[in-house]
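There are two complexes below, and they share chain A, which is joined by chain B in the first and by chain C in the second.
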Partner chain A sequence: MENIQNFDRKEPMAGKDKRVSLATKKRKKLIFYCAMMALPVLQFVFFYFYVNFNSFVLAFQKLDLVGGSGYEFAGMENFTTIFKEVDWGVLIENSMLLFIVMLAFGTVGAVMFSYYIYKKNPGHSIFKIILYSPHIISTVVFALLYNYFIDKAIPAIVGDPNMQPPMNNMNFVQTGTIIFNVWVSFGTQVLMYSGAMSGISESVIESGQLDGITPMKELCFIVLPSIWSTFVTFLIMRVMGIFTEQASLFSFYGADAPAHVQTLGYYLYAKVQAGASKGSVADYNELSAMGMTLTVIAVPVTLAARYCLNKFGPKTE
Partner chain B sequence: MKNENVKNKKKKFRLSVSSWILLVLLTIYAFSMVYLFLWGIGTSLKDHRNFLADPVGILPKGAPWEWAWSNYATVVKSFEVDAITPEGLTVYVGIDWQIVYTLLYAGGGAFVTTAACCIVGYMVSKFNYVFSRIVYTTVLVTMVIPVIGAAPSMVIFLRDLGLYDNYIGTYLMKFNFLSVYFLLVHASYVRISPEFSEAATIDGASELQIFTRIMIPMVMPTLSAIFLIYFIQYWNDYQTALLYMPSHPTLAYGVYYAALGNRDNSIARSDTFRLASCMIMALPILALFIALRDKIMGNVTAGGVKE
Partner chain C sequence: MKKIKKLSATLTALLLVGGTFGSMAACGPRTDDDIDKNKTQIYVANYNGGVGEKWLDEAALRFEEKFKDWKNGKKTGVQVKIRHDKSYDGITLPNSIQGDKYEIYFTQQVDYATYVSSGYVYDLTDLVTEMVNADDNKTILSKFSEDQVSALAVNGKYYAIPHYELYSGISYDAGVFKLKNLYFADTMDTDGTRKFVSNPSTKKSCGPNGVYEDGEGDDGLPSSIQEFNKLIDKMTTSSVTPFVWTGKSTHYTNQLIAAISANLEGGAGARANFTFDTAGEKVDIITGFNGDEPVIAQQAIDQDTGYLVKSQAGLYYGLSVAEKVFSSQKNYYVPGTSTTFSHLNAQETFVFSGLDGKQHIGMLIDGNYWYNEADDANIFKDLKDWYPETYTQKDLRFMPLPRQYKGTVTEGNGKSPVLVDSYNSYAIVNAGIDKDQYPLIKEFLSFLYSDAELLQFTKTTNGIVKGVNYDFSAAYNEVDSFAQSVLDLRTEAKAANAFVKSESAHPVYRNNVSKFTLNSNAEYWESMVGGTTRYVNLWSAVQKHVSAKAYFEGMGISEATWNSTFNK
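What follows is the complex of A and B.
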């Protein structure tokens, strides 16, 4: 502080004093930097790096429940077990189905709705708030409302009070949950897309309009290329979602979702939660092996998707 | 002049076919959303017999003072979660403690997450060290590369450190800067001219004083928006409490518990009570959102522009 105050007085300092003062200032700056960064960096090291690294280690270990000697190296045993016991076909099929439907309706719908809001068409403000509302109210609340309405009100509307509640009808469960997921999915996407659209130069839009461009052509050939980086971000998140998306099944069914509708993300979370609620970590090695397997697949898929979208996507120039 | 205005207005509301289609779709969507929520509020004010007789209608029978307001009183009185501690003990947690746990989790969690973004964002943007560039790149890389299935490892790690099922562990877990909001805070700091800190340095301010008294107030609108977004997110999050804090059930956990309907108490057995418990959880956060919607949505939108 004393050295800094020397600067304040603007008195000429001898060269050596000035060098000492600058060095002290730099040192103090570095100490401050280290002190402030210490906790966040430690948090990252332990809660991100160590936890993920340990997850890989756990995948090759087994908990010795009989001998009580703790974790032992198990080679590929956990991987063999998960490939035998997990119904990969159903999990992948459901995850892919959800991905495709969300892409076709959720993403396309979000872009179209954003365009409507961006053009400030009638009701744009209120639509924006309503589209965002599923992010304000908990999924568990919406899931319960949706479930009750479908199960209790729909039979009354169709005039068949003895009808099997649709959300308990195994043939409808998947359709019902997918519709729900699309229904609550627009919020953040619409905000981000409409925000990105508002950054498009007016002159670009006007020149297109002078050429007599239709709204759909404007969306496809001017607006979408202009927001391509935002669009790619959400598409990549969608691709990652293949491996993590729970399809709100936990909000509907807790840990007991019907096996034929489960997704990869749901399966993993439900198993981990079941272990935690029982106070048992016996299955965690196999679940870590499953997580590692999915990571090994997800990383190249995500990076490839990103590369392709950036390489072959529209260019604004 | 007047004619010109009318002409402009007419032009403004002349919609293309595609815009009409979108208007219809959005109207149907908005109607479904609003109707369902109003239906939930209305049903939570029906008695059970009234609900069975008219499951579709929004308004309960009779005048407002005849509605089943007692549903809410019953929920407040009996809305319990029988949570199991890591030691295997069952604890009954009433709505009062669920509210306390919700505020501790949502308020404290949002504060520490925002603080992490605020601190690291400032350090990385204003201190031109190699390490700052490494941190920035790390955030970008972790956002692109998905690591799946780390939850088992996290549970084991927290248990080993004695941080499982307590708030210190949860706060440490949430003191995390690996998010898009770090980039938003970073961008806010970058926009601040270095002249402010230079002037403060000349006036004898320490680095800590520059950070706390000059920089933080200047990015406060962004920080408060991020805090609100996280507060809402954590308020609605039941899965973290379920997995990492099983004996500290939040309201969202309580609603999830009631929603499953697999227990014996009166709340889980009654449809109208369940919906009343949903509304107790949803209405305060909806009111908060309506009051601060411009702040929240404005900043989320700003995040979109930055992409």
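What follows is the complex of A and C.
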């Protein structure tokens, strides 16, 4: 009886315990979820939503610098100013040149190198390290090393210590910075492409080889379609970056990069970074207007590029 | 098992929280651990480039001693918590000031109008206008120049106090000048300039100020652009490399142009760059070119003709000297133009030139603050340690520059030097301070701007002048010869109303600071050559075979642009 009583008393308690523990578990899970998500959400709200919203507002405002009364509505004045004052021709030309060279040599080169590594050709491991090393070291440090190499080692190699240091020779600056950018772009791409290539079924490769496929055809007709989604991702990133790519110019020259090599990305970055010397916080309004204008162009271009690449690209099935 | 899980979860959470707050704490003052809870703290941030840290550390100790009995509730005494950091420059400060715990900032390159309009800075009107420091018996406002009163008043309120003065320019090695006979003699040459001295005892010319100073001061230095160019040629034939500068920051080359231009423009012309008004005084304006020869007319600049500031003949001649320097590798230290060659490398190369078989270098392009930077970097200590017998040959001085385009200055016909302070250095107070702290902040700032402390500042910083009016003559004998050469120029310029600060209340200036400030890396120096090709400085343009004339024309502002864009 006592046992039954005990059992009767315990049974509902045990059920309640179970329910309590389930609720507690749910609550704990929710707390854990909230704790884990809080930081990313906050980061999104502050660093994406707030920043972009603030830029949007700034683009239509102007600081009252004479009366000291703060921001006031400026309508489209900032947009008019940037169209009059910014040297669009050179900035667009350099941005497009960088985009095309990076596409032709950076992306294509990365696929070729990845294929070389994937096929485990001689020296593939050391090759991988050489290509990835720029990403192990920070870009600023790597730019400094590259700078030293170009400015100090080349005059020594050619035996002319009085040679104008190439990275401050206006006829070489563009070539020098583009070579650097192509080189540092290989690391991540090679890693991702060779990773994607390692997932290709061996049987598909073998069947191609049985049919006597050449390495170039294997790359074009088997490997590239198999890694197409990775390839598209990088291409879209490249298109998205047309207007923001600053070509590491700030790492080389700070706010002093020669005008004939400046890109749109560098121009915006240098103006904001260099603040009151090159520009001023007061110029943020015009820079926001410039950023908005570029976004209006970049969004449809990126979406169109994605659509075309997905629609007309090779299909693996 | 559960306990272990719980423990590990707690530890992980603690690590995360600790990591987060640890990194956040790293952003705060470095010395929070030694806060004295029995005292009231003031938090001060100091941009420590150029004039360093010692002046503030020592002044803070004196203030703490003076205010050891200051009462604030249960607390007695004051503790000044200082953070010295180059990140506290006025350019990047707006990015952090609103959330920053520091209350007072000593900084430079402050875009004053933007700071005020953006609400970053506290209203200091009462501190500036009222007598706070009884010992000093003066208001801070009484130490402002007329230019400062007009430039800093926004609707009758003051939001900043000038901190220090720095000047762009050229320094020269008088030891090399003496050794290689690079001074101009008192005798005339056939080209209308002077001959060079044949030995150190030859009588020198009267220099740009037209006053003989027993071979000292500016005696023997080039008094015209023609003589300056002649000096560069003489150096190259005497195995002296005329110039060195930092290739890492090519904008430093603009300091050469800025300093030469200002001296040719004169006080009124140089001031008009910020005020757009020469107060009726006529200045030299280039109206066109006859071949490569500029056609000069004299004209006053005012509100309606403000665009003429960039057509001043001085600017063209400054560019022409720079073009000459940049267009031949014989005129500069070639390895120094590498982007890896910093300002400290340039200073070291200049200081060590001529020693131990190194090539002689005549001049360094850098502001007067370079000397303190080199000292902080132990360059002079190394010089003494490594060359104990020969270092005394070094006689480094800040260079008085030419005042006319051609010929030579004769006795009694010279002009005073023009010095431009374009570093916009101020002491400001964070708008977000706790209002209860303000009385103490007032005491601290008024203490620092007392005559005694201003003088002490000049002594401690080896001749750097605080940006307000005070008598620094007592410091003269306590600073070294380089600092004395700077103080001499500053005294001469100030006496002739030719000392100019790049600040103005003019609406065009306030609305377009980035285009008219004379910082060496400002947009002011950009040129749209031929109306199509933009260059950020003459150094890059000359390499593309752009002439000083084309660059000058590309820098100009048209009347139409002035009316439509600036003077609206």
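Points worth noting:
Just so we're on the same page, the second predicted complex is superposed on the first by the 269 of 317 C-alpha atoms of A that agree within 3 Å, B and C clash if a C-alpha of one lies under 4 Å from a C-alpha of the other, contacts with A are read in each partner's own complex, and residues count from 1 in each chain.
The rule is simple: contacts are C-beta pairs under 8 Å (C-beta built on N, C-alpha and C of every residue); 3 or more make two chains touch, one makes a residue touch a chain.
Not measured: the values here are computed from a predicted model.
Superposition note: with chain A as the common reference, chain B and chain C are in steric clash.
In the superposed pair of complexes, A:Gly195 makes contact with chain B only, with no contact to chain C. Residue contacts after overlaying the shared chain place A:Gly254 against chain B and chain C alike. In the superposition on chain A, A:Trp88 makes contact with neither chain B nor chain C.
Look at A:Val66: by the touch rule set out above, it reaches chain C but stays clear of chain B. In the superposition on chain A, contact is made by A:Met292 with chain B only, not with chain C.
More residues of chain A are touched by B (comparison of chain B with chain C).
By the document's definition of touching, neither partner reaches A:Phe172: not chain B, not chain C. Contacts of A:Tyr146 after superposition: chain B is touched, whereas chain C is not reached.
After superposition on chain A, the stretch of chain C that runs into chain B among 7-15, 61-69 or 79-87 is 79-87. Within chain A, the residues touching chain B in one complex and chain C in the other are 144, 147-148, 152, 254, 275-277, 279, 281. Those residues of chain A that touch chain C in the shared complex are 63-71, 84, 87, 89-90, 144, 147-148, 151-152, 161-165, 167-171, 252-260, 274-283. For chain C in complex with chain A, the residues that touch the partner chain are 90-92, 94, 109-111, 113-114, 116-119, 154-155, 247-251, 329, 334-335, 337-341, 424, 507, 510-511, 513-514, 517, 519, 521-523, 526, 528, 532-537, 540, 543-544, 565. Chain A contributes residues 1, 4-5, 7-8, 28-29, 32-33, 36-37, 39-41, 43-44, 46-48, 50-52, 54-55, 58, 109, 112-113, 115-116, 119, 121-123, 126-149, 152-153, 156-157, 183, 186, 188, 191-196, 198-199, 214-216, 227, 229-230, 233, 236, 240, 243-244, 250-251, 254, 268-269, 272-273, 275-277, 279, 281, 284-285, 287-288, 290-292, 294-295, 298-299, 302-303, 306 to its touches with chain B in the complex.
Across the interface of their complex, chain A is touched by residues 13, 15-16, 18-19, 22-23, 25-27, 29-30, 32-34, 36-37, 39-40, 43, 51, 54-56, 84, 86, 88, 116, 119-120, 122-123, 127, 129, 131, 135, 138, 142, 144-157, 159, 172-173, 175-178, 201-204, 206-208, 211, 232, 235-239, 242-244, 246, 252, 255-256, 259-260, 262, 271, 274-275, 278, 281-282, 285-286, 289, 293, 297, 300-305, 307 of chain B.
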